[in-house]
Amino acid sequence: MMEIISGTLLLLGTLFILLSAIGILRMPDLYTRMSATTKASTLGIGLVLVGTIMYWQDFGIASRALAIIIFLFLTAPVAAHIIGRAAYFGGVPLWDKTHIDELKDRGETDGDP
Amino acid sequence: MTFLLAVIIGVLYAAGTYLILRRSMVKVIFGLIFLGHAANLMIFTVGRLTKGAPAFVAEGASGLTGAFADPLPQALILTAIVIGFGVQAFTIVLFKRTYQTLGTEDLDEMRRTDQLPGGKS
Amino acid sequence: MNPFLFNILLAIAWMLLVGEVSASTFTAGLVVGYLLLWLSRAAWGETRYFSKIPLVVRFVLYFLKELLIANLKVAFDIVTPKDYMEPGIIAVPLDVETDIEITLFANLVTLTPGTLSLDVSADRTTLYVHALYVKDVDRFRHELKNGLEQRLIEVMR
Amino acid sequence: MPALIALGFLSSALAPLLYRRFREQFGWIAVMVPVLMGAVLLSHYPQIAAGGVFRESVPWVPSLGVNLSFVLDGLSLTFAMIITTVGAAVFLFAGAYMKEYEDAGRFFLYIGIFMTSMLGVVLSDNMLLMFVFWELTSISSFLLIGFNHHKESSRRSALQALLVTGGGGLAMLAGILVLGGVTGTFEISSFYDMNEAITAHPAYPVIVVLLLLGAFTKSAQFPFHFWLPNAMEAPTPVSAYLHSATMVKAGIYLIARMNHEIGGTALWQDTVMVTGALTMLLTALLAFSQTDLKKLLAYSTLSVLGTLVMLLGIGSRLAIKAFFIYLIAHSLYKGTLFLVAGTLDHETGTRDVTVLGGLRRLMPFTTVTAALASFSMMGVIPLVGFIGKETVYESILEVQSWGTYLIIAAVVANAFVVMVTLLVGFRPFWGRLRETPKHAHEAPLKMLVGPGMLAFLGLLFGLFPDALLAPMLEQSASSILSETLSLKIKLWHGVNLVLVLSFVTLLLGGVVYALRSGLLDRARQVSLPAALTPSGWYETGLNGLQVLARWQTSLVQNGYLRNYIIVIIATAIFLAATALYQAADQVSIAPDFEVTFYEGALAFIIIVSTLILMTSSSRLKSIVALGVLGFSIGIIFVIYGAPDVALTTFAIETLNVILFVLVLYRLPRFLKLSRSSNRVRDAVIAASVGVFMTMIVLFATSFELSSGLKEYFARASLPEGKGRNVVNVILVDFRAIDTLGEITVLAVAALGVLALLKLRPRGRD
Amino acid sequence: MNRIIMLPLLIPLVTAVAMLLLRIRVQLHRVLNVVSAALSGVVALAIFSATMSSGVLSLQVGGWEAPFGISLVADRLSAVMVVMSALIGLCTALYSIGTIDEDREHYFYHPLLQLLLMGVNGAFLTGDIFNLYVWFEVMLISSFVLLVLGGLPQQLEGAIKYVTLNLLSSAIFLAAVGILYGMAGTLNMADLAVRIPLLEHRELLTVVAVLFMITFGVKAAVFPLFFWLPASYHTPPVAVSAVFAGLLTKVGVYAIMRFFTTVFVCDDAAFIYDVLLWSSGFTMVVGVLGAVAQYDMRKLLSFHIISQIGYMIFAVALQSPLAVAGGLFYMVHNIVAKTNLFYVSGLVKRLAGSYCLRDIGGLYRLYPLFGLLFLVPALGLAGIPPLSGFWAKLMVIRAGIEAGAWGLTAVALSVSMLTLFSMIKIWNEAFWKDDPRGEQSADRTEYHAIGRLKQGMIIAPIVVLGLVTVVFGFWFEPFFEMMMLVAEELLEPARYIRSVTGGVL
Amino acid sequence: MYSVILATASRYLLMLLLIFSVFLLLRGHNEPGGGFVGGLVAAAAYALYFIANGIDAARRIVRFEPLGMIASGLLLAVLSTLPSLLAGKPFMSGIWIDTGLGPIGKVGTPLVFDFGVYLLVLGITLTIIFSLAEEDSKS
Amino acid sequence: MSYMEWAVQLSVIFIGLSILVIFLRLVIGPSIEDRIVALDLLSANAIAFIAVYSIQKNTTTFLDVGIIVALLAFLGTVAFAFYLGRRGKQ
């Protein structure tokens, strides 16, 4: 039973990962790529790791896998944020169909502390 | 995979060699890093490969049995990697200082310490 | 004494009683301790330690749901050849105030697919969000504020 | 004798101190050393004359066959007496002559070292010991020739003398070592009886050539003669002592000393004789156009040295007898004349014969001394020079095959020597008085005693040759020849062919002298082109050496880092490929071709990111590629069961990124700097390295490795190393000292970074 | 007793750590440096006498028996080298006090010197081929930092080449160690010596040997692998140049000796000896011609290092006891004389204001005794009897003649001529020639500005090393016997192997 | 380049990473990890903090002079060799004490050695990063 | 072949494919930010691979590597962003 759940989680997770990979290839600009795929992969890894926890059913493994999940959920958005911000202020162009940009008018960052 | 690794090692050595022959200092650093990777992989491969069986003694066992990866090349590589890191960090900073001081990163312009005074070659 | 700290002390006590120093006994001690503390919550007077835990759990569940739905939406867009996206960068006025609140909110926004926190204004009153599906700007703003931000404030304060 | 040598060096070392203290009277102090040494050696005269030989040996480096072995026999006593006698005269003379030099104390140090070393050469009974002293004479000669070191010509001449004699010395060293290899010993007395064994040995020609190179350079034989006239840059006492009476005779001493041991063959005798004869004739002719007193004397010295060598080459009993008489005669009169030249220079301020004249009234004693020596030099009865020349002619006439040529050459050479004598010994004193830079008057006593004594000895030996010279010469000659001689030396042989030749010589000399002033200018013009003269060869060689050195250095050390790398790599590949080729028939490979999907993907990623890195001109792109590469390699370590290595790889890759990021944007964008031809060349080199390493890996993994170590670590890690992570146990326990070294490297690297970034140059060395 | 072997590693390390903890007290660094160097000297002598009397000392670090852990081994060769490193260490510690500026001292000059010595000693004492790599790296990184310390443009420029080429050689070393382990399954030198002759798959042995030879050849600066040396050795402060000149290349020579006489003794090594012989001839000639071309005193001396390495390699490759002993003594003598000449060059700079021989002169007139201090090492280096170099030359030449290596012997002799020539060039230019800038005052130089104590610290090492050169020359017999004992032991690796493996293997 | 999001996150991540680094150090003898990786992770934590908050802030939170860490790390490594000498065992032999404390387990000189490695690696990495960053912020 | 084995095999293939696709984005860029995002994603894939591989090889030791990868990948990304911020300022 656990094997079935675990195996399915693995497949589901890796599928999400593959999806995000296709996403990063297909999406039109950097922001849409990031927007779409960073978390897809985060979710995918999460699922894979849950599958791993199910498979081993060992506390030590579970704690390590959980640590990875927690860490990923903590860091992935931060990473996406700073790259996105750097890209925006560094002049990486938006997709043509981006119909609204409320940041453009402000145009300055909050600077160094 | 041994074959593939041998090819990878060859590629890394070739790339490292090519890069340390460049005139740009940064490329030379990349070349040295490549040579380091190549040497580490080489030690690893030549020490014979064992897939997926790290040299950890299981709980309750007193020693390793069955197939397991040779721990010695790993220890050697670890030492070499760490040493390589230290040396590389120093080298990177050295190159940076050199660039700042001499105002060029073209190695062809760094020939004064070799040349005979007044002589051109 | 802070009930949280005491909970930890209880867990350690449990560990010693069981006579096994391990992570699993410690976790068990935590759960047992929480239950005991909850049972005797009257003794602790005015504290939000006990109402917080269920709130957090609810928030996490809400978030996971949002995550899954948004992911599927994006996934659909990825695997189908036609693009349904109408991306834009929206300024979202913030009600959250402290660093940790802002950070959490921004991160949660980012984690939900389709949105990405690009920047926080220097006066910390506005979050700029890049979103994939912005049909109506004001509605988008409203949903974000009433949904995620409101629940977050609940948990945090 | 070791004590005597030690005393010599010790007293030399004291000279500068004593000189400072007793400046005025130093000549009298200095002269005590040669006098004392001479006296000590002379005290053995009775026994030596009776055929005794004194040997003393103190082990020095016995394992190498080098001992402080000394021998005092007739031959060495003769030379030793020349050294001490002329030494005494020169020291006394120099005490006054050198006063105008500020560092005269050092002069006595050097000349003292020289004298002692020279005594060492002639007293050594060990070839290597002799070589040691030999080299010391070269060095002290160098220091003395360059004594006027502010003059460039002095420095050049000193260097020239050192290089020529030093180079010959090295050949001699090789010869000695080969000889030692043949005989098994370096003790000269030990191979006294080995002549047959040595001459029959296949290495014999090598020995002869090498030893003679040493002798000929030291004794300034053609074509190595050119350094000697140039050595006249030295203060005159040095010229009198080293470059006329003693040091230049070291080579002659060597030939004489070795004659019995390795001579007797056509190779030895003919080489020596022909070289000597050539030197005798050519250098005498070269004297023709000289005007400097010392140069004139130097060329006549060369001619005499040639004669002496030639006599040794003739090697007959008569020739050896002539050799000794001529040797002594020459040392006495030439020493005198050099000192006279020194006196003239000192008193008049010039050494140019063409501007000197009529000094006989102002310098009567010098005039007499010069005349005495000159008569001896010209071979006029009753001076010892007369006997010398008579015997020389006599012995040449005995020579069978070459005799006629040799006698003509000898007469011509001697005629030129006569010319020199007339120029140096008479012309400055006779005729009308001429203006000189300094106002001349008679030299002080200290400068007169030495030359006077030497000249007087020449007369004495001429008058009583049989009593004074014969006994010692008998013993000397028997050191050279294998038989005991009984010599009779007579002043007057009666009227015979030899006497006629003596007259012809004088007559011819007079004619040459008379013709000289008319021909002088023309003679100067016909100087040979540099390419044809040995000194030209020397100059060309020296310049060529410099040019070659510069060319080679700028070729090899060209400053291009990549050239250096290419050479190193090419050398490695060439040698390794050669080695591999030699073992090619045994090589076999059995690679494992099995590849899973993810391994293939990994390899693909590694190779593509490598290509990106090699071609990219964007810095950041390169670093991203480097990151991908590092992570991929890390994954390989994961796949093959090396989690610790993988961890470390990941950690270091990330730190590298941080480092690069902090450093990189200070650096310029990559430029394509190399020419495309260079790129092709580099690609070929790189590819060969890659192929080579791939092959090595395949070969090395073609068989099972049975390493007891792997199993041992697996067994001992937990029970003895107390750890389950075998790799970590190796790192912190089994091979902890590796790790200690490793962290030391890290610490130093950090210090280096700190110093590089914080310590700013302030223009120090 | 054999525990004493670790002290040449520990003493410098502990000293360096102490210095780093006491960072501000630079004066204390100086004292510590000297004390530590002196202590190392005592230890080195103790090790030396122990190896002379009771044979090979070995220490299994961590108590792990031989091929499994790492062995430190002191045989006579190692002991001699450790003594030399201590001597140079002590002299340089003194000389540094007189010549190193306080900025550099503040940026770890003294601890770096100690760690350099630690690396050098480690290389001399280790009995494990990978551990040798580690000590090489310790030595290298210390030398890198010492080389650039101060950050002058020419230092940086020289360091770029020095660093790159040495890293290249390290990469080759690492590869060679890896392949060797892959073939023989061990890293212990004694164990390797036992296993290599018995290997079944030996086709790569010569290739591995070539790689090792290239690595050590680069370190030793043999032809054509020496380029890093003349590019850099003249750029750092002269005390650093001196210790580099004395010790670093000799570590390469030591490694060649060790590897190709103890570890790698089989028919496959014949190829290496041939290559070494060829290389030695070129090394002698190219090095000395390089010196002839130079007018910068330190550059001139640097090229001479190369030339003299040629003699050592020549001797080592001949492999007879006399040759090896000769090569060894050549090395010992050269360490002393060459270091001393660099010290002298520093003094020349401080007295005359420049290293460039064209620009200076008149030293002999002003400082005649200094002339003597120069002549001793210079003539010693040129092999003028009875100074140390004469015996070294004598042994090597004799060994060459005995081996019938006529051509190379002739080369060696001619090169010694050119050595003399370039030493005399220094003498003529710096000492005898008048100063081209006109008369200089004798007491207004950089040297006279530094005070009595520092002056003494400059002079003392020059005098000490000069005396060593003289003592070697005059009392050569005991040293000769010593060198022969060392060579015999080296050529008879069984004793080394027995000591390390305890006779187990 | 300051981002309130990154700065806030870095404060929490710092603690997380530091704990993890100690964890890696302590069980490196039995599981993957060890002093070297532990030290690198700790350094990474401070590096992160530096990037998020600037060099001065990072300097402030590192309580010890990095150079001192290097020296102490080396010192510890050297000191770990002393017990073997006092116990009369071969140089650098491991000496072990059983603490009886479950997760900590046996404590021995190799652990002390590994801790030395940890400190040193942390020290050198900080030295390198901080001095580069300082030079960077100066110009 | 059990379901689990089958699932693991397939998962590895998914990850492998995904890695190749992401790598393609890394190669083509076009902006440096694209490459950095791709690199970040690659390391996420590496974590997944490590998890699946540890099941395939039935060893648990690799999971620790996963933690480190997660951690360091983040740091790397931050460092790149730091650089980009610097570059933007210049």
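Some observations on this one:
As written, the chains take the letters A, B, C, D, E, F and G, and residue 1 is the first residue of each chain.
In this text, a contact is a pair of C-beta atoms (placed from the backbone, for glycine too) under 8 Å apart; a residue touches a chain by one contact, two chains touch by 3 or more.
Small disclaimer: the values here were computed from a predicted structure and weren't measured.
Central chain assignment: E. Criterion: smallest distance from chain C-alpha mean to the mean of all protein C-alpha atoms. Across the two interfaces under comparison, A-C and A-G, the one joined by more C-beta contacts turns out to be A-G. Between the CA-based centres of chain C and chain F the separation comes to 32 Å, rounded to the whole angstrom.
One finds 62 Å separating the Cα centroids of chain D and chain F. We define each chain's centre as the mean of its Cα atoms; on that basis chain E and chain F are separated by 36 Å. Residue positions of chain G touching 2 or more other chains, listed in rising order: 15, 19, 36, 53, 59, 61-62, 64-65, 67-68, 71-72, 74-75, 78-82, 85-88.
Residue positions of chain D touching 2 or more other chains, listed in rising order: 550, 553-554, 557, 559, 561, 565, 569, 639, 641, 643-644, 647-648, 651-652, 654-655, 658-659, 663-664, 666, 693, 696, 700-701, 705, 707, 709-710, 713, 716, 724-725, 731, 733-740, 742-754, 756-758.
Shown for chain C are the residues that touch two or more other chains, namely 22, 106-107, 117, 119-120, 124.
Touching chain pairs in this entry, ordered by label, are A-C, A-F, A-G, B-D, B-E, B-F, B-G, C-F, D-E, D-F, D-G, E-F, F-G.
Per the touch definition, chain G reaches chain D in the complex via residues 12-13, 15-16, 19-20, 23, 26-27, 29, 32, 35-36, 39, 42-43, 46, 49-50, 53, 59, 61-62, 64-65, 68-69, 72-73, 75-76, 79-80, 82-83, 86-87, 90. On the chain F side of its complex with chain E, the touching residues are 67-68, 70-72, 74-75, 78, 81, 84-85, 89-94. Against chain G, the residues of chain B that register as touching in their complex are 51-54, 56. The part of chain F that touches chain G in the complex is made up of residues 1, 6, 13, 17, 20, 24, 31-33, 37, 41, 44, 47-48, 51-52. Every residue of chain F that touches chain B in the complex is listed here, in rising order: 30-32, 36, 124, 128, 132.
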